[in-house]
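See the structures that follow.
Paired with chain B in one complex and with chain C in the other, chain A is shared by the two complexes that follow.
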Partner chain A sequence: MSESSPHLVVRGVSKRYGPTTVLDHIDLTIRRGELVTLLGPSGCGKTTLLRAIAGLAQPDAGKVELAGRDITNVPPHKRNVGVVFQSYALFPHLTVAGNVAFGLKVRGTAKREIDTAVERALSLVKLGHLASRRISALSGGQQQRVALARAIAVEPDVLLFDEALSALDRKLREEMQVELRRLLQDVNATAIFVTHDQDEALTMSDRVAVMNKGRIEQLAEPRELYLRPASLFALNFVGLSTRIHGTVLAASDGKVDVETKVGRLSALGNFQAGSPVIVAARPEQLRLGEQGEANSAAGRVRSVVFQGSRTLVEVDAGAGESLLAELSGRDGAIPRVHDEIRLSWPVTETFAFPMEALG
Partner chain B sequence: MMTRAAIIVCWVMAIGLALFLLVPLLVIAAASFSPTPVFDLPLTGASTRWYGRIGRLDGFWPSLLLSLQIALFSTAISLVCGTLAAIAIARGKLPGAGIFATALVSPLMMPGLVLGIALLQGFRAVGFTAPWATLLVAHLVITLPYVARTMIAGLSRFDFTLIEAARTLGCTYPGSVLRVMVPALAPSFLIAGIFSFLASFDNYPVSIFLADVRTKTLPIRMLQYIEEAPDPTLAALSTLILLGTVILLFVSDRVVGLHRMAGTSD
Partner chain C sequence: MTEAALPAPVTAPAVDRERLTAIGFVLPSFVIIAGVFALPLVLLLGVSVVDANGLTFAHYKRLLGTPYYLGVIWNSLRLGLLTTLIAFLISYPAAFALARARGALRAILLATLFLPLAASVIVKAFAWTILLRSDGIVNETLIALGVIEDPIRMIFTETALIVGAVNIFLPFMILPIYAIVAQLDPRYAEAASTLGASPVVTFFHVILPLTLPGIIAGVALVFSLSVSAYVVPTLLIGEKYPTLATTIAKAYLLAREPGFGAAAGVVLLGIAIAVVALSARLSREPK
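Up next, the complex of A and B:
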């Protein structure tokens, strides 16, 4: 099978719990060796989708194919998936090695093979020296690694991570993100992460699926997701932004002129004149001062937050609108609170979205 | 300095209570080795002759056998039924699960005398009078709450994700229950079994209403002995029962830890 052929295919999967639609005709195709994140707020259906792939939740409609076979009606123990749970779900009555060996034992693998596989899996997560420890004697980070080793040991067709890093503290989590990505690439694993943490999604994945209300709003590479959000929800959920309400005045080939309370702005988007829209830009696109053709707006600085490499400046532009700029010290002076300033940003980095209720 | 005084008072209370609980046990053990029929301190020697007389007590062996039978059977049945009930309460989306749980554990809070009379009247009313069987059913009422309570607590600590983890690792559903849930709940099982067995074995207030001349449990027989002939034989028997209990608890402590049995810690 070639590297780029579909490895995991989810086709039209739907799931309802009573009156609520948890998954609404989900389509998702993942290549072999790809790391994909399902990102969204709680209740968006990301965990249910993961469970449907693992076989722990039966979809009402649709199909799941893994490594070329239809597994829609295959029970979880015959799917050959590896799951790392949020609670780790390690077996407390077994040792570290016992946990890692579990999947191979129930498969009836020969003792000698099990021993080498356990050793290899534990050395991958750098826990070889703790093989005979009891689970209760491990720290949270170590338990997380054991859970990973246990899932990897059976050489699954796909690894599924259900909020697997969320129980770790921030520093450890950030280290694990980088380490986990490298490790998964080393063993050429295909993996799906479920998380509500956008940093985790951007750090770990080749592609991110932003989910909302049981649908995938956008499936894109992290960079594209950030620079070209497909919906207001995706824009909001990943990264910060300036958002200004307005009405389309004129439209021409992919560009619109929008009348707003802070002045006339131009943005990318296809709308008819008269449509209510929200105009948005990422904070690092905003610069101090006026620039030729660019959009610009003025206001009074409301707050200045120093965050090390960058400084976030929030500007009250009047009429209930505000601007958010991320300035780096290199560009010159950082304004102070109450300063009257003008900010400008390029039209090509300004997007118009239809005004809709935020999910 | 109030706090210091308070700490001292607490310590004195704790030590005093421990002594209050343990000294009678030591006295009965000492009495069982008394060389004379009348127990008197200080001991003027030691004798084991009372231990030899236990087996010759009138009706001792049938009573011991009966008590062991009832305790074992009621514990075994309670373990099965109580665990299933606990699963339904802890896991099932049973409406009013809390009410069921309270009802199941309620005999623990009921005075034994009331329970005994109620069972006697109830069994009479439906014409259920076979002594052995009525004793067994009555002891089920006594032991079931212990099992239910311990298993509900054990199950509420059990992470059902473990079963899902086992399934994704290649285990069938029944296989996962067997390989993961049973070992994880083994300590709860053992604790429930021990409490249940002991509760049945030394029950007096309920048994007394259901026993007849030929069917007397050991506690009833022992009270009868002490009324007839209060010599150290009974002290010797009590000491043996005490020893048996201590061994049982010691072994369980080796297996699961006493602190878990007392419920003071995970």
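Up next, the complex of A and C:
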């Protein structure tokens, strides 16, 4: 099978619990060997989507296909989908090796093959020396690795991780993100990673699906998601931004001029004159001073937050609007609180979004 | 070497204090158990092997060497084993149903389990005799419905005995199993299914081992209660089904053979301890 052919296809999957629609016609196609992250706020349906793929929750409508097979009505134990639960759900009555061997044992694999596979899976997660330990005698990070080893030992067609790292402390979590990504690439696993940690999403994945209220708002590579957010929700959920309210004055092929309380700004977007919009830019696009054709606005510095290689400067631009700039030391002097400054940023990095309630 | 020398003086008093605290907590119950249980047990053991002429095993020879008394031991074992087995078969699914029930239904089910515990065993055994008598409710109903013409003999049969014993001891099986099942994380079964285990395999390889501690507790409780039951066999079956418990009572109250009664008591205790110890062992080594 080629690398780019669809491997997991979710087609129009919907799920309701009582009156609430938890999944609203989800479409998602994942290529073989790809690592996709589901990113979204609490309650947006991430876990439910994973459970629908694993067969642990039956969708009301739609289809799930895996490795060319329609698995919509296949029970979970015949799907070959690996799941790493947030709570790990390791079997407390079995040892580390017993847990990892479980999936192979229930498949009736020969004893010798099981032993080799268990050894291999445990050495992948660097836990070979703990094979005969009880689960209760492991640290959180070690349990996480056992859960991973247990899931990969059966060579599932797709691996699902539901906030698998969120129980770890920050340092360990960051180490595991890098390690896990490398490991998944080594075994060429196709995987879906659920998280509400945007850094984790950007670090781990080939593509990120931003979910909101049971829908996928944008499915894109991390870089594109950050640079070209498709909606205000995606813009807000990933990274920081400056957002200014305004009304479209004039529009011409993909560009709009917007009247705002901090002056006239230009942005990318397609709108009719008179539409209420929000104009947005990423903080690292903002520079001190004027620059030719660029957008610019002035104000008084409200706060300066030093963050090592960069400094975040928040500017009160009056009329309830504020600007957020991320300045690096190379840009010259960093302003101080109460300084009056002017900031400018390129029109090609300015986006207009329809004014909508933030989810 | 220097490492070992440093922390030792610091930690030693802490450990001692911990140990002292632990002993302090255990001491009262230890005194009570030693006084109320251990001492009488030693006396019981003594009485069973000592008579006017000194050391003797005559009572044990009589118990373990006479067909009649072997039959008595077998009756007790049978009562214990059948009651425990049937109570388990009823309780296991019931505990799952109870754990799955929500709100008012769960409260009602739990209440129906707990309330009978407040009534004495004698009252409950009598209730069964009223139900099962030849002119009891069960027979009257069956006759009225035309199912049978003459009353069936139900009371004073082994069936009546087991039915009554199961009914009376059932809560002691359901409650410990329920306590475990209610805590059981549904993720375990889900994890097993995603690893390829069918519902049946999941049951035997995950659910059953994880609920084993509750089963062991229930089995130990119900077996030791039913194997030594006195009121239930006396009221529901009577003379024709002598058990160790009724034999002990007879030896003390009628025959005035305290030595023989003590020996029967030791045998009964031995059986109960053996089963409980076996259960505890099984729960430690599930595989």
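Simple rule for what comes next: the second predicted complex is superposed on the first by the 359 of 359 C-alpha atoms of A that agree within 3 Å, B and C clash if a C-alpha of one lies under 4 Å from a C-alpha of the other, contacts with A are read in each partner's own complex, and residues count from 1 in each chain.
Everything that follows uses one rule, which is that contacts are C-beta pairs under 8 Å (C-beta built on N, C-alpha and C of every residue); 3 or more make two chains touch, one makes a residue touch a chain.
Note that this is a predicted model, so its numbers are computed, not measured.
Once the complexes are laid over each other on chain A, chain B and chain C cannot both fit and instead clash.
Of the two partner chains placed by the overlay, neither chain B nor chain C lies in contact with A:Gln58. Of the two partner chains placed by the overlay, neither chain B nor chain C lies in contact with A:Thr116.
Using the contact criterion defined above for the overlaid structures, shared-chain residue A:Val106 touches chain B and also reaches chain C.
Taken together, the two structures place residues 54-56, 75-83, 85, 87, 89-93, 102-103, 106-107, 150, 154 of chain A in contact with chain B in one case and with chain C in the other. Chain C meets chain A in the complex at residues 185, 187-188, 190-199, 201-202, 205-206, 209-210, 212, 286-287.
Chain A makes touch with chain C in their complex at residues 54-56, 75-83, 85, 87, 89-94, 98, 102-103, 106-107, 150-151, 154. Residues 159, 161-162, 164-173, 175, 179-180, 183-184, 186 of chain B touch chain A in their complex. Listed in rising order, the residues of chain A touching chain B in the complex are 54-56, 75-83, 85, 87, 89-93, 102-103, 106-107, 150, 154.
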